[in-house]
Structure formats: C-alpha cells, structure tokens
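These notes open a run of structures that come right after.
Same chain, two partners: chain A is paired with chain B first, then with chain C.
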Partner chain A sequence: MKNALKTLSFFRNVVFLKWASQIVFLVGLLYIIWSYIQNAVINLEQTNIAFSWGWLGETPGVSIAEGMYTLPNSGRQMIQVGMLNMLRVTVTGIFAATFLGTFLGIARLSKNYIVEKTSTGLLEVVRNVPLLVQIFFFQAFVLTFPRLEVFDVGTYYLHVSAKGIAFPWLNRQPTAYLFWVYLLAIFILANKIYKWRVQILEREGRETRPFLWSVGIFFGLLVAGWYGGYRVMGVIGFLAGYISTGVDLLPAIFYQILFSSIAVFIGYRSTKKFIDSKKSEEAQGIYSDDDYFKIILNVIVVLLVVVLMFSSVGLGLSNFLVGDEIVFKADWGVPQFFDGVNNKLYWNPEAKIVLDAQLDGMKRADIIDWIAVPGTEVTKGDVIARATAKDLKGDLNQEISIYAKYTGVIEEVFVSQGDTIKINEKTYDIRVTDSKPLELSRPKIEQIGTTKFKRYADGFGKSLSVGYFAIWLGVVLYTAIFISEVVRAGIMAVSKGQSEAGLSLGLGRGALLRLIVLPQAIRVMLPPMGNQYLNLAKNTSLGIAVAYPEIVAVGQTLYNQEGQTLPVFLIWMAFYSTVSLTISTIINYYNRKMKIVER
Partner chain B sequence: MNKKAIVFLLVFAMVIVACGDTTDEAAVEATEEEHDHEGESTLEQVQERGFLKCGVSTGATGFTEVGDDGSYSGFDVDYCYAVAAAIFGDYSKVEFKQLTAAERFTALSAGEVDVLIRNTTWTQSRDTELGNDFGPTTYFDGQQLMGRVSDGLSSSSTLADIDGLRVCTNAGTTTEKNITEGAGLVGATIELVTVEAFSEAIDKFIAGECDIVTTDGSGLVGRRAVNDALNDWAIFPQSPISKEPLGPTYRSNDSQWADIINWTVYATIIADEYGVTRANIDSFDYDAAPEMGRLFGKNDGELQTKMGLSADAYYNVVKQIGNYDEIFSRNLNPLGLYREGGANARWTEGGLVYAPPAR
Partner chain C sequence: MVDLIKKNAKSLQESLFSSVGSAALTIATSYLVINFFRGMLGFALTSDKDWLAVLNNMQLYMVQAYPEEDFIRVWLSVGLTFVLAGLSIGIWRSDDRVKSSKVFNSFFKGGLGVLFFTIIAPTNSSFMGNDGSVITEEVFSMETRLGILIPVAIFCVIFFSIRFININFTVNSSDMVFFYLFIPVALLWFIKLPTIQLDQNNERIIPDPVMPIADTTKIPWTVIFVSFLASYFIGMYLKNIKSIKSIMSLSWFLLPLLIFSWIFKKPQIDMSVVLGSDLPIFGAFLLWGFLVITFVNNSIFKKYYSTYLGLTFLLTLVGVFSGLPMLAKTCLLLIALFSVVVPAVSTSSQGKRSLLIVWAVALVTLTFLLRGGASDTGIVVPGSSIFGGFSLTWLLAIFGTYVSFPLGVLLALGRNSKLPIIRIVCTGIIELTRSVPYITWLFFASVTLAVFLPAGVEFNLIVRVLMVTAFFSGAYFAENIRGGLQSIPKGQYEAADAIGMSPFQKISLIIMPQALRAVIPTLVSSAITAFKDSSLVTIIGLFDFLTIGKTVVGNQSIPVNFVGHDRENLIFVAIVYWIFTFTLSRRSMKVEKKLGLGER
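Take a look at the complex of A and B:
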C-alpha cells in the first residue's frame, strides 16, 4: 500500500489532493472576502470619505448624559462608555428578568385562580405589544410626573418626577471593592466546606450537617468582614502594587518574545504528543502522509504566530500591553491593570490617592503629610493632606493639596477617586467615612448651585434617569414574560411519574422540588433561556429611542461627528457578537454541567 | 467513493474560486457601470428621472413644515422648489425626503437625495471629512439656549448660569459640540441628553426632564411661537454661542450641479437686490438692468444654457417662488424672525446676504 502510493505522482495522491483542495478552498474564500472589503474601501473613497480608525484617538468633544466618563477624551473612550452603559442594562436585566420570569412562570402553574389569571393576563399584554412601544410607554409614563419644584427639596423613600425615579440604595464606599472580593472569597470557602462535609458524610456515613456548617461559617465571616475584616483582602492590592511596578519596567519586546515562546512551546508539545502517540504499540511508529501534513501544518502555524508577533501587529499589541498611550489614547495596559487593582484593593487606604485621568500622565499620588487626622472636625474646603502626584512612567513629581469635600468629624480617612477633579484648581475629594463598605442611604433632592433648578443628589440613594428606567423596565418585562413560558414548559416537561415516585419514596414537597423536579426541569430550560438572554442583550439597542446613551446611540453620535460610518458598524458588530458569544458560552458551560452524567 | 468525494471537493473548490473571480469581475464591472452612471452627471440623472429628490428636515418650524394635507412649506422647502423650478421650469417636480440630523449625510452620500436643504450648518469637518460641499448660506443662524423665565432665566442669562443643569438637544448636530465646548470654556459642567429629533427635546423640556434646550436660534424662536410661550420661555445668551451658516449641501466634486444650486440661491438674492418680485417680474424693465436680463434670459449673453439649464431657468425660479426677501418674509416673519438689523439683511443694509454678479 505504502509502496504503491510512493510510485504515484503527487497530483494523483489522494492525501495531497485532499489537503490541496481544502487549502485552495480556504484561499478562495479569503480572496472573496478580501475583494469585497477592497470594493467597499474603493467605493468609500469615491464618496470622498476615506476609511480610517484615527477618530478613535481624537477628542470627540461631545458630552454623554450618563456613564463612566461624561466628557470622553477620545473616540475610544466614548465607545467604551457606550459599551459599559449597554452592559449595565444587560447584566442587571438578565438577573432581574430571570427572577421575575421564574416567579411568573410558577404563578402561571398556580392553582390559585386570581394568581394564575393575573399572570396570564400580563403575559398576553406584554407579549403582544412591540417592545419599542412598551419602552415609549414607560418613558411617557415617567414624563407625566411633575417636574422637581422648590418644595420638593428634602429626603424621600421613593420619589418619581420627570427627572427620573429615585429610591433607597446601598451605595458603595471607597472600601466596597475590598468587601466584594472578600465576599467572593468567603463564598468559595463556604462552598469548599460544604463539599468537604459531604465527603466526610459519604465516607463515614455519619450526619455531618454540611449545609448548616457552610452557611454558619459564611455568615460568621460575613459579620466579621462587615466590621473591618474585609481588609485582609488588601494583601491582593499590596501584591498588585509590586507587580504593577515590576511589569512597568518590561519593554514591549518582552511580550513579543513571551507570546512567540508560548506558541513555540504549545506547537512543540502538541507535536511531541502526536509523535509519542505514534510510538504506541497500536500505531507501531507508522506515519501516513496525512500525519506528515498535520506536523507540517503545526510548524507553519507556529511560524505564522512568531512572524505575526514580530510584525507591526505584534508590536502594536505589545505596546498596548505595556500601556503606552500611543494607540488611541488607550490606558488599558498590564501595568495600568495592576495599578487599578492596587488602587481599588489597597491594604492601607490612608496612604494613597488616585488621580483623575484629566491629569495628563499623572496616575497616582502618595500622601506626604496628613494635616487632618481622625477625630478632628473639618469644614468643606479645608486642606487635609499634601501629596506628591507621580507620573507612572517617569519621575515627574508635582505637589498637590487635598481639600475636604464634606463638612464633618473625621472618623477615618479614605481617599478615593474623586467626582470632580480639576487640574487647575487642584481640588481633590476626600471622603469621611465610617469604614462600612456599603452605606444605605435615601434619595435626596437638592438645589443645583445657585440656580432655581433641582436634581437628585449624587451618592444619596439611587436615581435612575428616564431613559435608563424605560429601557431597563422594557427589556426586563419583555424578556421575563418569555422566560416565564420557558420555566412553565420546563416544569411541565418533567413527567408526573417522577413526582409520584419521589413522593412514594417519602420525600417532602421541598425536597421533591429540589432533588427530583428542578434538576430535570433546568436541563430542559437552559437552552431556550440562553436565547432569551441573547434577545435581551440585543434589545438594549432600543435605548437610542429614549435617549439612553448605549453603544448604538453613542456610535451614531460618533459617526455623525467624524463621518466614519463603516468602522462604527464594525465595532457594533464585533461588540454585539462578543457579548452574545460570551452569554452563550456561559449557558453552554452550565448546560454541560447539568447534563445527565453518563457512565 | 472516497475518490468521488475528493473529485467533488476539488470541482467545488474550483467553482468557488472561479465564482470568486467572476464576482470580483462582476464587482469591477459594477463599479465601472457605476462609473458610467456617475459619468452621467447629477443634472442628467435628475432630468432623466423627471423630478428632484430633496432632503429636508423632519420638522423645523418655518423651515420645513408638513401640512395636514401632506403638503410641504417653509424656507428650506421653498429652496427645494426653487431648484426644481430652475431645472424643470415647474417647481412642483420635487420629491421630499424627511431626514433626521443623524441620517442626512449618509443619505446624501448614498445618493438617496440629490441635494440637502435641511438647515445644515457649514463646518470645516463636514466639508472635508464627510464628502460634502456647501452652497451659499441662505440663513445666518447661531446656537442659543432656551429656558423658563419662572426658573430665573432671562434673555440676559449666560452660559455660566447653566452650571450643573441638564441640557437637551438633538443627536448628530453641531449643537452637541458647541454646547460641550461652550460650557467647558466657562467651567460649567452640564448633563447633555441627546435625542433623535428636536421635537423630542422640546417634549422633555416641557415635561421637566430637561432644564433647558439648545439648538439654532431660529429653531428656538419657532418652537416658542408654536408653543405660544413668548413670555414664559427665554432665549439666551444674546449673542449666539456659535455661528451656524445654513444652506444647501451636495456631494463634493460635482461642479456643474454645484453651480446650478449656487446660482439658484444667488438668483433669488440678485432679484431681491433689483427689487424683482413675483408680482412685477413680467413688467420689470430688463433693458435698464442688463444683469437681471442676462440672469432671466431676457436678452443676449445669458449663461444658463452653458450650465445645462434653459435660458429662462432663473426667471422661472423668481416667477414661481419669489426672490430672497419674499421667501424669507413668507416663512419666517410669522415666527417673529425679521431680516432688518440682523445678519440676514441685504449687504447694502449692513447684513451678510450678498451674491456675486451675474455676468
């Protein structure tokens, strides 16, 4: 067989033909795509609009109503704000829609006449009205409320006006990030303890109370954490600080070499593994032509990666990782990442402040002199500390003063990223906190400066803008209705025999639902649930209709200012694909986890 | 079997590659055809089609208004009619296309409209980056803000008074940039809410979601007149925060088409300078004013035929639509916008409305 093959000329070799046809196919496909892109570029040139990404680095000079930065310094930052605003609706919306949908789904199965009919009625109304109409309705509904007037000034539990909706909320304090990491850590710990107790139960057969153990330890640590225990997590920030300083020294070539080495290593290992597998008794060290092709392809891919890493593409990527702000004013590099972690999770919050991005190049400041100490009283505007602002890259130092933002007795001093930092005035916010990570507060209506206008004060309770409220409620209600149908279908898909079998084994109703019905129902529910989440994510783009600045609205503003329609469309497509694929990956992961374990 | 599959694959791949080539050729041919089509000038396309496609606003009081019967009227609309009158001798041969501020330039460059007469501001970036050219300014406007008198605002308020306020405007306009820049210069931080159409901004302003609204002064005056709030709403600051020269916009590098549009506007202005109106156009003594005679094709030396139009093209414009003053007074005087004393007065009276000589 082998000899027979060898005598054939290469163009009659089956293996060669097989591979060649595939490669030709691939090249042809790439060529078609390439020619279409070229066509578009040429056509754009004919309309006198040259395709360019340069606008990502230019200052758009347009304010955004809400988001991380309301006055973005580059097109890239503006896009980023739009993306975060979209994710804000999507992520909170998915959780809210799941809870509401599950509740409605169970209500639909209720034997209580009123409950069942009410949820069915809601379903029919919401399902049969277009989402856009619903969103407009919610907006119009809020706008029917009166404007904020002089007599509205004060504190409320719930307040609705034409300016939005405000309600009490747990607002995060400077230490909130530490607390959240702590919460995650003790959650994982409690989970481990549960598994450990179950293991003992299975091994020794005695009652170990795994649930009681894990919940008890979780709440014990939670209380300890709330009153300051969370600060042990500061060690992460402490380490991140050192890593940041370390990686800051690395040149771009390091990442080029690193990625090339990784590619070579992976290529080498997989090839070696392949060769080793051929040495087994079964394969007897015989290589077919197919196998040679595989090895050659492996080498080609590795070489391609190495070449790419040392081309302009790889250099750009490495510069980006180093944190050089040459690419579209991006400050997302590895040092900046660890620096950010260090700032959010600092082990000793008294010693450090973060400067706003408006201070060009200045990233952080070290306090050199505390003028106010805990226990003293300050009024707004008092100098509390002096610090040196440092350039992340160089030794440029600049002395700055830190002023108090609020009047009050200092219990403990935390410095955090300010709300209104202006370089010329050198004023920085200092927060006087009682060191709780989260603080429950009620919404407050205040006067804007010396004008007669009123608004919901920042940092008191939570106030939702009309646009945010309308789009959020719109997508949540609409998706929840479809999820309720999924939940109902899931529960009904579990055959009655399963429940009866469980009951005959002596399970209680709770245990029956938890151990028999739900695990089987979730298996049916997960794939359609994922589709609903995808719908929710995509429907957030309707926010543009109610002036909510999500990615589509922001992108449209940008291409109107810059004239670059095609790049903005590409960004939209890439972003929505990324979000959708991420959601489906998560759903698929749970789907695999929930699958019946086959032995 | 296996061989068959391979042969099939090979043939398939070849077909695909061949298709790739043909599609590419087709694309090239298509672009060539488009070239041919583009080689056919905009004027020829319009004449062949039999009507003009004119991009107008979705609603700007005094500039583009749609009546209950679907008829269009307004300052910008009249200039669309004027261009149609110049090309066809019949002002009614216009198809209007209402465009939002955000979609107007895409519509123009995609060829959905032949000309954009949609209170569009002439700026450097729009002229260079967006692939447009701008015709003569028909209305000199400027951005202003509008707030309630009951909120302590008056016509003497300034940008410094809006610190911390929520401002509404429409997306895809120069107003977004102007207000951001203007507020930044005086150190005021504003919350800028951008909506699709300016009428939504007014709705939000009336409901109280927005504290103030901002757009071109003419738009604000128009809205204030429509909402009958002359004494309740104040327009400020007194000198506009920006220059907003509004005029027709067309695709760049189309000089014949540009000439037609430009001279349609100039013809209305020159007619105004000579005092030629719809009423006296036939009784006017053209021998005494040779420039007017040339422009209207009444005597020798007319240049319209060289532009691809009929000799009496601009006669038809003034006969059917009127001169600049007539267009202005008809549409904008009812709103309280007058030429006297402003930038839109005749150049001989201290204004900026000026046309190059027709000779």
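Take a look at the complex of A and C:
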C-alpha cells in the first residue's frame, strides 16, 4: 500500500500552485501598473506640468456661478464649493425622489384606470429617454420664462423668471449654529422620552400617550428656546475654547503615535478574535492556507500603517492636524477646528461683517471715520462708520453710512480710516449678543449699477438658478421613476394573504398599509432603493451640461486653469467613493435593522 | 349591443368613480393630462417652430460628416443589417398566430388615440415674439380639425363594428412585422409635405413648396424593404438546415465588426503588407492548429500536453507585451484558448474535421477583420473621425455591449474566486470603477488617459472613449453576472466535482450556461443603458446624435438659417431615443417571458 502513494513533486502540490499563481498574477499586475505610472511620469515631465497638490493653496482667479463662496480664494475653497453644491442636489434630491417615487409607485397599483395608465405612461416616457436629454428639456423649459428685465425692481413672495426661481427663505444669523445644536439636543430628548413612554405602555399596559408627550415637550422646549433659551448651548463653545488651547500644545508626533497605536490595537483585536473562532468546535483548530493568508494580511496592513505614519506622509498628515501650515496656505487643523467651534458656538458668537449689497450698485467705499471703535456696544441699525461710496467708474462720490448688522460688542476692525473697502471684504468683527437665530427674508430683484442687467439679490430669499433647477428636476424625476418600480415590486412582494388577514381583523386600509404591508415591503425595497440613491448621487455629475457648478464642473475649470488633470481626477474618485460608501453604510444599517429576526 | 355598453359602463364606473376620493383623482388627473397634451400640441404647432430644421438635416443627424459620394456604404450597412434581420425572422419564425380581431382592435385603439388628440388640440396658441410681446395665432383651425375628425371617426366605427361581423382569421405574428413596416415605406411615396427649396440665389423659397418628403432616400429605403422581405422568404426556406441557427448567431456577432471595420470605413489595404506579413502569420497559425488537432491523440503528446499548454500561455503572455503585429498577438491568444478546448472535442475523426474547419474559418475571419480594422480609412472627412451622429451612437452602444460581456465574465469569476489575492484585486477594480460616475471616466479618457500611454502612442478620442466605455460597462456587467452566478445552487458545483470535471470544464459546461441564461435580460437592459449613456459624450465634445440636435442644427445659418430652433431638434432627438429604447425593452420583456425566466 505504501508504494502506491508516490510523493508528489512540489510543483504539483495544490497549495503551492495556488499561491504561486496568485503571486505571479500580483507581480504581473503590479508590473503593468508600475510601467504605466512610469509612462505618466515621463509624459508629465515633457509637458512641464509636474503632478503636485500645491494648486490647492493658490488663488484660482475664477468665479463660480453659485455656491458658498462665489469668489474662492484658494483651490481648496473652490473644491469645497463644488462638493457642497453636489451635496445640495443629492441630499434634497434623495428626499424628494423618495416621496415622489413612493407616490408614483402606489399610483401604479391603483385600481383607478386613468391614474394607473397615466403613471405607467409617465414611467415609460421618463425611463426610455436618456437623462441628459431630459435635463436639457428642463433647462429649455426654464429659459422660456420671461426675462427679468420685464419686471421692476422690488420685493416679492415668489418669483419665476428665466434667471431661475426665487422664494422666501430663513437666513442664517450668527447664532443659528447654536440654535441647530439646541434643536438636535431637544430632538434626541424627545426621542428618548418617546421610547421611555412606550416602555411604560408595554410594561404596565396603561395609556401613556408617548407621541403626545414627546411632541409636546419638543415644541414646548422649542418655543422656550427660540426667545433666547437656546443660548445655553453656548457652553459647548466655552469648553471648546479650553480644548483648543489644550490641543494646541500637542506635538505632531502625538498624532503619529495615536494612529499607529490604533492600527496595532485593531489589528491585534481582529487577529485574536479570528484565532479564537478557530478554536471553536466547528473549526477544530484546523488552519487552511487561506486562514494563514488572512493573518499575514492583517500583520502586513498594520505594519504598512505604522510605516506610513512615520514616513513623510504621516508627518504631513500630523502636521496638518496640529495646525501648522504645510500644504495649504491657510493653516487649518485640530486646534483651529476647536477654535472655530469656540467662535461659532459661544454664548455670544462671533461674526465677521462684510460689506454687501447695501451699497446698491456701488462697488467701493472709502472710510471717512469709524464712529464705533473696538470695545463699544452697538445695537442693530446703529451707524458705525461713514464712508464715501464710489460706483464702478469711480466717479460718483456719495456719502453713505455703514450700519451695524447685528447687536453686540465690536471686537476688531479690519479696515481703518482712509482705506477703501470693496464688496465682500471683511470689515469688522462683532460678538453678537442678541439676535434671532433665523430671519425670514423675501426675494428681491436688484439692478447692478447702471447697467441693464437685473438679478436676484444675494441674501434676500433663496434663488435657484436655471442650472440647479434643471439638474434637480431631471435627476429627481428620473430617480423617482426607478424608485416607483422598486416600491411597486416591494408592495407586490407581500403576499395577498397578509392584507386579507389584516382586513379580516377589521383594520382599515390606512392601518393595514402602515402596520402590515409596509413593514414587510420595506425589507424587500431597501437594497434596490439604496442602489437608486447611489445612481442619483452619480447622476448629479451631469450638472456640468447645464452649467451648474458642482464638483465635476468645478474640477474641469480647475484643471483647465492649472493643467493638473490627474490630481483632480483623484479628488473626484475619492469624493464619489466617500459619498457612495456613506449612502451604502446608511442603507445597510437600516437593512440590518429590518432583517427578519429568526428565533 | 346594449349589454356590451352596459357592461363597459359598469366596469368604467367601478374603476374610475368607485369612491369620492377616486372620483376626485380621476377628475384631477384627467384635467392635468388633457391640459398637458393641449400645451404640448400648441407648443409644437405654433409658427415660430421650424420643424423643417429637423427634416432638412436628417443626413447630418445620421452620419454627420460622412462624404456624400461614399453614401453607398452607409446604405450597404443598413441594408445588410436588414437582410440579416429578415433571415433571422425567417429562420426563427414563430408559430404564434395573431387573431384578426386583435389586429382590428389595435387599429381601433390607434384611431381612438388620433381622435382624442384631434379633439383636445387647441385652436389658438400663443408664443413669445422677438420683441417680447405675446402673439396669439390660430394653429389648428376648425376645418383641419373636422377634416381629420370625420375620416378617423369613420375609420374607428368600421373597425369597431367589424367585431360584430364574424370575420375570423389568424395571421402569423412574424408576417405582421412586415405588414406594420410596409405602411411607413408606402407612405414615403405618397406623403407630400412642405420642404425647403432654394432658389438661384441660394435663398429659401417662402412659402415652402409642397413636395414628397424623403425624395432622395425613398428609393434606397424601398430597395432595402424589398430585400428585407426577400430575405424573410429565403430564411423561411432555409429554416430546416441543421446548423443554420449557429451560423446566423455567428453572423450577427460578426456583423458590427464587418460594418465598422470594412464597409463604413473603406480601408486602404496595402497589398504588400498583406502578402508580406498577414499571409505568413495566417499560414503559420493555421499550420500550428492543424498540427495540434492531428497529433492530439498521440500518446507522447498527450503526456506532455499540460507542459505544452503552459508553454503556449507563457508565449502568449510574452507576446502580448512585445512588439509583434496585432494579428500575431490575437492569433496567439486564440491558439492558446483553442489548445485548451481541443482535447475535449477531438475524440472522433468527425469531431476533428469540424474542429479544423472551425479553426480555418475563424482564422480567415480574424485576419480579414483585423486587417480592415487596422488600416487607415479612405474616407475624407473635415472633422477628425468618420463616425458621427447616429452612427457614433450605435458604435458606442454596440462596442460597449460587446466588450463588457467577456470582461464582465472574467471580473465576476475573479470576484467569486477562492483565491484571496485575485478576489481582492477584482473586487477593488469593480468597486472603484462603479463608484465614480460615467462622465468622470469620459473626462479621464479625454484628458488624462493620454498621459498614461507610452510616448508617441496617440489614440483618436473616439478610440479612447471606447476603451473607457468597455472597461466601465464590463465592471457594471460583472455585478449582474455575479447575481447570476450566485443563483446557481451549490449542488451543481459539488456534482461537477463528484464526476471529476476539471475547473475549466466545470465553468464552461455547467456554471456558465446556467448563469448566462439567468442574466440575459440584464445583458439586454445593459445594452439599452449603453445606448442611452452614449448620449453623454456630448459633454466631451464628440459629435453624437444629441450634440447635433442640441448644438449643431440650432446654430446653422447656411444654407438656411436655423438659429434658435434648438427645441424642435431636442424633441426629435428625444422621440428617436424613446422609440429605440422602448422597442428594445418591450422585445426583451417578451423574450424573458418566452425563456420562462424567474418561473420555477
């Protein structure tokens, strides 16, 4: 018997073949990648544009049509604006598409002939025309509205024109951040009260009205907070000041050690858990070569992180976190973050005042004198400086007064007597002592200077530009149609017996939907719904076709400006991967919560 | 008759007015729908719309810059497609018969639709004039309305009352296709519409004289229709030949390659290169394949077959990255795959003979297509490429689907592999490619890809876009195939192992057929998506169908001034996309039903 067992030569051993082939594959792949990167390096050298990230700190010198900073002062700010614009469309679009899609999905299942046929017809049209064509349609549709010059300058409640749509909006005052934190806190409190009352209801059986309690407390605290009570949240800013001074003292090496030790800790824990699981009855302590691979991979990853942390990459990262300027012009790191929290979330938060459209078409003004100097307390509407305003050509000299925008204590003045201030330039710093967190503003049409063009005034109401309108409508309608299909499939997946049983118990149609059909349907609906949300996030990239400055358009402007195509592409990849990952994680979390719990 | 009306009325009442809420919904929706259509019709018919901008520019839409003297090639491509389609319909002729009542019913419904639109069309419509004032004019007068209403009403009444006369015959459903297509072709000869004519000074004659539309193209379309019909009959005749279906499938597979590399392109063949390098390579590989087939059952060769296979694969790997001509590289790849398959098939001499024929035919086709594809084109165009307009849209869609299939299969198999490194790499590739939107990849192709190519190698923008599209579609399709792979019960894998199948046999004979059958509908929907997504190349400046509609036609000022008429063109583009996508998706649903997918 023993002679029949010939020992195999080692290159016929399955394990060897397996790993040898994988290593050959990996080496071949890395070689291919390396050779292409070499090509890239050679080609970039020839064109004199080296791959660098320095442009993030330089002024790009272009203006963006809409967004947080229309005149960004660094490449980084420009990318921030692009990202925020994209997120504006994505987040609002997801909510709107879900509502519309659910409504359309339920309409498709209706017994009413006309409603069903109309929604099916809409679905067939929207689904079969490319999204880009639909977006162009909506753009053409908005451009058919009357132009702004037909109307006089004035204030409106809702205005629609070829420049976009304007509606009233709550403007954020300096104390708004405090108010939002307060809102979040009382929302969490109301949630906890709801759960507590439901617990009592289930335990003791008496009616404790959890919904009424939680909603009542929420609105009660809301009203109490609106008139000034929300400022108790200023304690956060107060503490942040101390944290900021503390964190400032940390050396750069602290973060390197911190991240390395976190990596080692996580690696150790996961390896230990894996080895322990191998000791269970199922596995019986048998390690296959794949298991060895897992352990070795863990160790390699931890080593890589540690090496990375103590190399120049890690040094750069920790310098960034400490707050020293290395890569970017403006230093911004952990101490600066806490400093910012201190400023914005203090009892009397800080606000920097810039000169805005108050000047009514004037672009510059020369300060004659400051009436209110640092340290004085002013009320909103007080005159704090007198200036001579000049229009675009510099001719007209008109004496104007500069008014305080908020009530508070003036901390610092940036422009002194005799200086010229321009629009959007910071003029003074004020510690706001009294203001409402949000203020209603109505849209206003203004005329820029003496030219013919009218526009929607900044800061008065909110105006959606043509580009935003076109991409938002296009993307929301398109995704809503696909979501309606998902909803329809989900509701049809719940077996008919369930609704019949519910009806036989005497439940009305509303309760039937809410308690029986929808919980089961949501389980089926969630993964494809998450997929549609990802598609929505990626479809917003078409904003470039309608001149909406979201991240793809902004990136294109930047690389036309600087010539750095590869870094911009890497930023795109990182950003979209992050957004996709975030959406997937949120959907997976809800998916796990909804999973069928087996006994 | 009265009962019929009563029954219809009752069902109508139940569905539309069953409760107060339902009645309110019915009224609200009907109001919205009617007003929407009124608005659309009014928009379409006002006099500031110049629909002739669309009709006059059909050539631009279809092929953009293709020179007129080579148009025969375009017609040849279209004709070949239709002939092949006719053959296929004949060969795969279904035995389903359509009842005459159903046909008459569909005519009746069509007539009702026309009636509906005629009734709700607005008489007056207003638009914004050039000076900002609102001009109202009559677009649909009472005479035209009655002129359309009365014949169509009679038409509807005829087809409604045919129900009561017992005419009952059935028509084969494949025959119906030709009947439905005959109608537009016949109409081409008879419909007269105002067309744009230029006088001696190259100025537009106003009002536009009425002439038959498609004057220049009606003859080619008629010829194509006649050959379509003829090939249908030939197909029916050839239906019973043994391997005709696989030959047809192969022809469909080769048709786009033939059209885009030979017919559309008019390649300039350098005969010296053909004789000097192509024929020797072809001969060498033919000999190689012949030797493998002849000696595969030789005992010595059998013992060292795996060594031979390994050497061949190594040679392929080295050859692909070396400087051999394209034909040699592809033939190397082919012989490597061929050698894997040969032992399994060549057990009988008949099998060997058919294998030899297959090998020879494959080599001939490959040489032919590669030589055509790699040669320069003889077509002189003012732009940078011979593809534009609708032809570019089809090129992108077809190429995307073609290459996404093998790439997707490889990536899906890699992702499901048990080897950890391969699994991690394939998962990484798929997730990275899918997380970024398509437009970003198009920008990558247009600006960044050139940086990664070796110095001196420069590809046309269209070629770069094709490369990136193939990659992107492959990654998306891999996810769908993965779904199909996961639907196969584990027992299949275990049974294959129990019989002692090698991994290659297991994948090709057991796993892949089941997985692919499950993902055919997804493949079709992926093809439809590729067709729709090809419109995105507008943004990087390629002249596809949408670009011509949106920018080119609306900016034309010679020979006729069409500036500002971009909305009509956009509507036309949307309608064409809709027709194609809707037909494809309907067809795919029918195929799905026939294959019985999803039913166990």
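Following the convention adopted for this analysis, the second predicted complex is superposed on the first by the 399 of 599 C-alpha atoms of A that agree within 3 Å, B and C clash if a C-alpha of one lies under 4 Å from a C-alpha of the other, contacts with A are read in each partner's own complex, and residues count from 1 in each chain.
In this text, a residue touches a chain if its C-beta (ideal position, glycine included) is under 8 Å from a C-beta of that chain, and two chains touch if they have at least 3 such contacts.
From a predicted model like this one, the values you see are computed outputs, not experimental measurements.
Asks: Does the superposition put A:Ile106 against chain B (first), chain C (second), both, or neither?
Replies: Once the two structures are laid over each other on A, A:Ile106 reaches no partner at all.
Asks: If we overlay the two complexes on their shared chain A, which of chain B and chain C does A:Leu87 touch? Say first, second, both or neither.
Replies: neither
Asks: In the overlaid three-chain picture, which partner chain does A:Thr557 touch, first (chain B) or second (chain C), both, or neither?
Replies: After superposing on A, A:Thr557 lies in contact with chain B but is clear of chain C.
Asks: For A:Phe569, select first, second, both or neither according to whether it touches chain B, chain C, the two together, or no partner.
Replies: Touch partner of A:Phe569: chain C, not chain B.
Asks: When the two structures are overlaid on chain A, which partner does A:Lys18 contact: first (chain B), second (chain C), both, or neither?
Replies: Both partners, chain B and chain C.
Asks: Which holds for A:Ala547: it touches chain B only (first), chain C only (second), both, or neither?
Replies: After superposing on A, A:Ala547 lies in contact with chain B but is clear of chain C.
Asks: For A:Leu438 in the superposed arrangement: first (chain B), second (chain C), both or neither?
Replies: neither
Asks: With the two structures laid over each other on chain A, which partner does A:Leu132 touch: chain B (first), chain C (second), both, or neither?
Replies: second
Asks: Looking at the overlay, does A:Asn539 come into contact with chain B only (first), chain C only (second), both, or neither?
Replies: Second partner only.
Asks: Both chain B and chain C touch chain A; at which residues?
Replies: Common interface on chain A, chain B vs chain C: 18, 21-22, 25, 28-29, 36, 39, 42-43, 46, 144, 146-147, 544-545, 556, 565.
Asks: Can you list the residues on chain A that touch chain B in the complex?
Replies: The touching residues are 14, 17-18, 21-22, 24-25, 27-29, 31-32, 35-36, 39, 42-43, 46-49, 61-66, 70-71, 142-144, 146-148, 161-164, 420, 448-449, 451-453, 455, 465-467, 544-545, 547, 549, 553, 556-557, 560-563, 565.
Asks: Under the definition above, what is the set of chain C residues touching chain A in their complex?
Replies: 12, 14-16, 18, 22, 25-26, 29-30, 32-33, 128, 132, 317, 418-422, 425, 432, 435-440, 443-444, 447-448, 450-455, 532-533, 535-536, 538-539, 546, 550, 566-567, 570, 573-574, 577-578, 581-582, 585
Asks: Under the definition above, what is the set of chain A residues touching chain C in their complex?
Replies: Within the complex, chain A touches chain C at residues 18, 21-23, 25-26, 28-29, 36-37, 39-40, 42-44, 46, 110-115, 118, 124-125, 127-134, 136-137, 140, 144, 146-147, 150, 290, 293-294, 297, 538-539, 541-542, 544-545, 552, 556, 559, 565-566, 569, 572-573, 576-577, 580-581.
Asks: Note which residues of chain B are touching chain A in the complex, please.
Replies: Per the touch definition, chain B meets chain A at residues 2-3, 6, 9-10, 12-14, 16-17, 19-20, 23-24, 27, 31, 38, 101-102, 105-106, 109, 125-126, 129-131, 151-152, 161, 163-166, 168, 171-173, 176-177, 179-181, 183-184, 189-196, 200, 203-204, 207-209, 211, 251-253.
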